[in-house]
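After this come two complexes, each holding chain A, first together with chain B and then together with chain C.
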Partner chain A sequence: MSALPRLQQSKRLAARVIDGKGVVIVIDRQEVHTLNGVGMRVFELAEGRTVEEIAACLVEEFDVSHERAVSDAKTFVEDLIGMGALEASVTP
Partner chain B sequence: MTTTNFKTSESAYAAVAKLRSNEHTPYSAMIEVADRCNEVCVHCYQVQGQKGEMSTEEVFSVMDQLADMGVIFLTISGGEATLRFDFLELVEYARKLRFAVKLYTNGLRVDDAMADRLAELAVQEVQISLYSPRPEVHDWVTRVPGSHERSIAAARRLLARGVHVVLKSPVMSFNADDRGAYIALVEEIGADYMLDTHVDPREDGNRDPELLRVSYEQELEIKHDPAMHAQQEREQVLREPALDRSLCGACSGMVHVEANGELQPCTMMTVPVGHALDEGGIKAAWDTNPEAIFLRHLTYGDLHGCRDCALQPYCHRCHANALTQQGDALGPYAVACAKARLEYETAHQVAPRIEGEDVSKGPYLWRGDHVFETAPDRFTEDDERRYAEHAWLRKEAAGAAPGSNSSGLVQIRRPGSSKSEPLVWPGQDARSNLRAAKKKSILAELNQVATRHDTTSK
Partner chain C sequence: MMPSAANVRPQAGGQRFLFGGVEIELLGAAGFSYELPPDHARFLGRDGASPSVPRVTCSVRRDPALLRDDRDDREIVLQEHDLQTTGVRAHLQPLSHNSWAVSARVAPGAHNLGRLLDALSAAIVERSGGLLVHAAGVELDGHAYLFVGPSGAGKTTAAGQVFGARSFCVDRAVVMPSAQGWRVHALPGGTDPIDRAPDSRNVTLPLGGILRVKQASTVDAHPLAPHEAVMTVRESVFSADRDEVSERKRLDTIATLATEVPLMRLDSVLGAPLAQTLRRLERA
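Up next, the complex of A and B:
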């Protein structure tokens, strides 16, 4: 069985919660991204976790089924990777 | 999720500023970490060596506090910040706290090792002061031989490592005609540029730097110069209708920390609004300091004269400059009124014709067809109450107005020096330079322009 990618936040960004909104600035791409509360929570949870582990946390914190949490987390994590905010690494 | 691309740090600031639900939520800060500099620039507004500097741990504490308050943009400035032995440690700590870090430097100490580290740390932008494409002019301004070559070398080192670099300079009377060559040099290097006609009085109130301002006609020419497209883009980002925006970011979105930890509304306004290292720190000062609260809630309605002025949408007045130049932080002052007229002329391609006695200063009332007339500066009981409650709003305008030297010789005093010296820049005849500088004193020049319009109208 292949290992799930473990995620980490890029070292080349700035991030903060301002007035309840998540702000992520990807320095090298010169982009400012605004995340809502759940989005910012996924970004925070991603540090050192897999998508499955993020989904498990979401199930505990929000009123959401496991299947939906996995599906949403996977989609959103892919977005975050695409915009350069997260990096995925497969560790044995 | 929304995404905004930014070409300049200013547009990143604007994007973040807009998403706040409270316009007073702090999101940007400047820490002047060094109270010293290795250049002695002729126009510099700073008076250094007066306050002392925070320790490494104290600066860390300031950064911790700013991060906790939600600040995301952090400018590390000086003096010359790289003179601190712990400079890279400070940048590293700021990046660890995930600030978007902007550095102001002259670049003299940016060697390969420092450039490597700044690139690794992913600083958002490094702004390097470069005053002319001509080495002899730049070195004359900084009084450091070879500084032109070293600043450019620093820019190249950083750019080679992928760091975003902005070369910047005030456009002054002696370098205004260099701007085409300046932009060409910057483009050859591969950096961005920021040229600004703003020249501030010294923070101790000395107004000598104002002698170096460009004339009204020069400023108009610069505004319309197609070569200045990058600058014009920056200004478009920053400009919003005056009636809809806050008067300024002082104590409203922007935190300013002096080298010794004192809090000021901005780098130019020397009114104390707390101390970062006092009990309660920056947050307590931000929330409770009466002057900070007063400043952040000021609106145009609180500014006598300005509130009645029809050119308000074109106005970029500054409380600090009003205080220094007019002795009154809340009223109109000639330089701002001239700039408003210039903005009007730029926007409408027609010079506003001003009628009245002293046309150099507003308020201006609209009379139709680009014609305005001066109006009385009305004071209300509320105005008097504000001055009674905040005594610092008024003071005697410090220093002589530019060009008023009774000897007839215009002189500039270097920061930190008690000696004055003639204002002579390379490639210029001394006597004609003095005459030129005096002639180009913006106040006199602007008054001439205003008078010309006045005469035309009669």
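Up next, the complex of A and C:
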């Protein structure tokens, strides 16, 4: 059975919560992104976790089913990886 | 006395002036004799600034080998203590929290001395907690107002519609915190002059506000949400130093700026006067 990718925030970024919204700067691309409250929470939870573990946290914190949490977390994590804010690594 | 283009040249005795919020003393090596380009002369301020102004003592020597430089014209890169831009290489040595000794090599040609000043200002401003902003600016009632937005947003056009104002800067400005609040220092640059407005006689002014220009059907100004304000300013800021610590410090600086200075979305209509909108902003 293959291990799930474990996520970590890119070291080459700056992020800050401002009035409940996240502002994320991806340094090497010189891109600025804003995340809503849930998006910023996923970004924070991602450090050292898998998508499944993030979804489990979301189920506890928000009124959302496990299936929906997994689906939303997976989609959003892919977006964050695409923008260079997260990195995924498979560790045994 | 404010130096002019005719008499600003590095010399053994040193030439000291304010440029882009930084007090710079240029010391030329023997035989170094070229002048500052005229488009920089308007933006030189008087020396004897407050002790909080960052200071640089810069020795300059000519290096013809840098004529072969093929770097991008505008890009300024600061890595640790080494500063690079087209035709310029410099090493920055911190002496205290707000003073530096700099050793610079500059390709022959007056414009390269101008590039050295641009790069020094950008680097020292960043290290001193300020921001180098891509903006068109006007002076109105003793304050500077900066128009920001992406290329084509209408920054220069909006600046030209503040009738009764003076042109403060066309392309770039430095925004610095001070004991008296946020101040703006005009910089040279830009090729599209603000029509109808005479040049400001000041190179440093209190910051009245930052306006993100959008074309609209009616003129109005709306406060940006805090995260929008931070995003708007960051998208308009040049960054020479791209390490993580500097980027986080820059983000903190912008977040502070956004709580202390009006940051608005300006709905602009081509040709419509904007001075009253700015004055309302100041009163608010």
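Just so we're on the same page, the second predicted complex is superposed on the first by the 92 of 92 C-alpha atoms of A that agree within 3 Å, B and C clash if a C-alpha of one lies under 4 Å from a C-alpha of the other, contacts with A are read in each partner's own complex, and residues count from 1 in each chain.
The rule we apply is simple: a contact is a pair of C-beta atoms (placed from the backbone, for glycine too) under 8 Å apart; a residue touches a chain by one contact, two chains touch by 3 or more.
All figures in this text were calculated on a predicted structure; none of them were measured in a lab.
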**Request:** Have a look at chain B and chain C on chain A after the superposition and call it: clash or fit.
**Result:** clash
**Message:** Contacts for A:L58 in the overlay, against chain B (first) and chain C (second): which applies, first, second, both or neither?
**Reply:** neither
**Fill in**
Per residue count on chain A, the busier partner among chain B and chain C is B
**Prompt:** Between chain B (first) and chain C (second), which, if any, makes contact with A:V70: first, second, both or neither?
**Reply:** neither
**Item:** Which superposed partner A:G39 touches (first chain B, second chain C, both, neither)
**Value:** first
**Message:** Quick one: is A:L13 in contact with chain B, with chain C, with both, or with neither? Answer first, second, both or neither.
**Reply:** both
**Message:** On the A-aligned overlay, A:I25 touches which partner chain: chain B = first, chain C = second, or both, or neither?
**Reply:** both
**Item:** chain B region in steric overlap with chain C, selected from 279-287, 333-341 or 369-377
**Value:** 333-341
**Request:** Could you tell me which stretches of chain A are touched by chain B in one complex and by chain C in the other?
**Result:** 11-16, 18-19, 21, 23, 25, 27-28, 30, 32, 34
**Message:** With touch defined as at the start, can you tell me which chain A residues reach chain B in the complex?
**Reply:** 11-21, 23, 25, 27-36, 39, 79, 83
**Message:** Quick check: in the complex, which residue numbers of chain A touch chain C?
**Reply:** 11-16, 18-19, 21-23, 25, 27-28, 30, 32, 34
**Prompt:** In their complex, what parts of chain C are in touch with chain A?
**Reply:** 225-228, 230-231, 234-235, 239, 242, 244, 247-248, 250-252, 255, 258
**Prompt:** Okay, in this complex, where on chain B does chain A touch?
**Reply:** 1-7, 12, 15-16, 19-22, 25, 27, 67, 70-73, 95, 98-101, 122-124, 162, 164
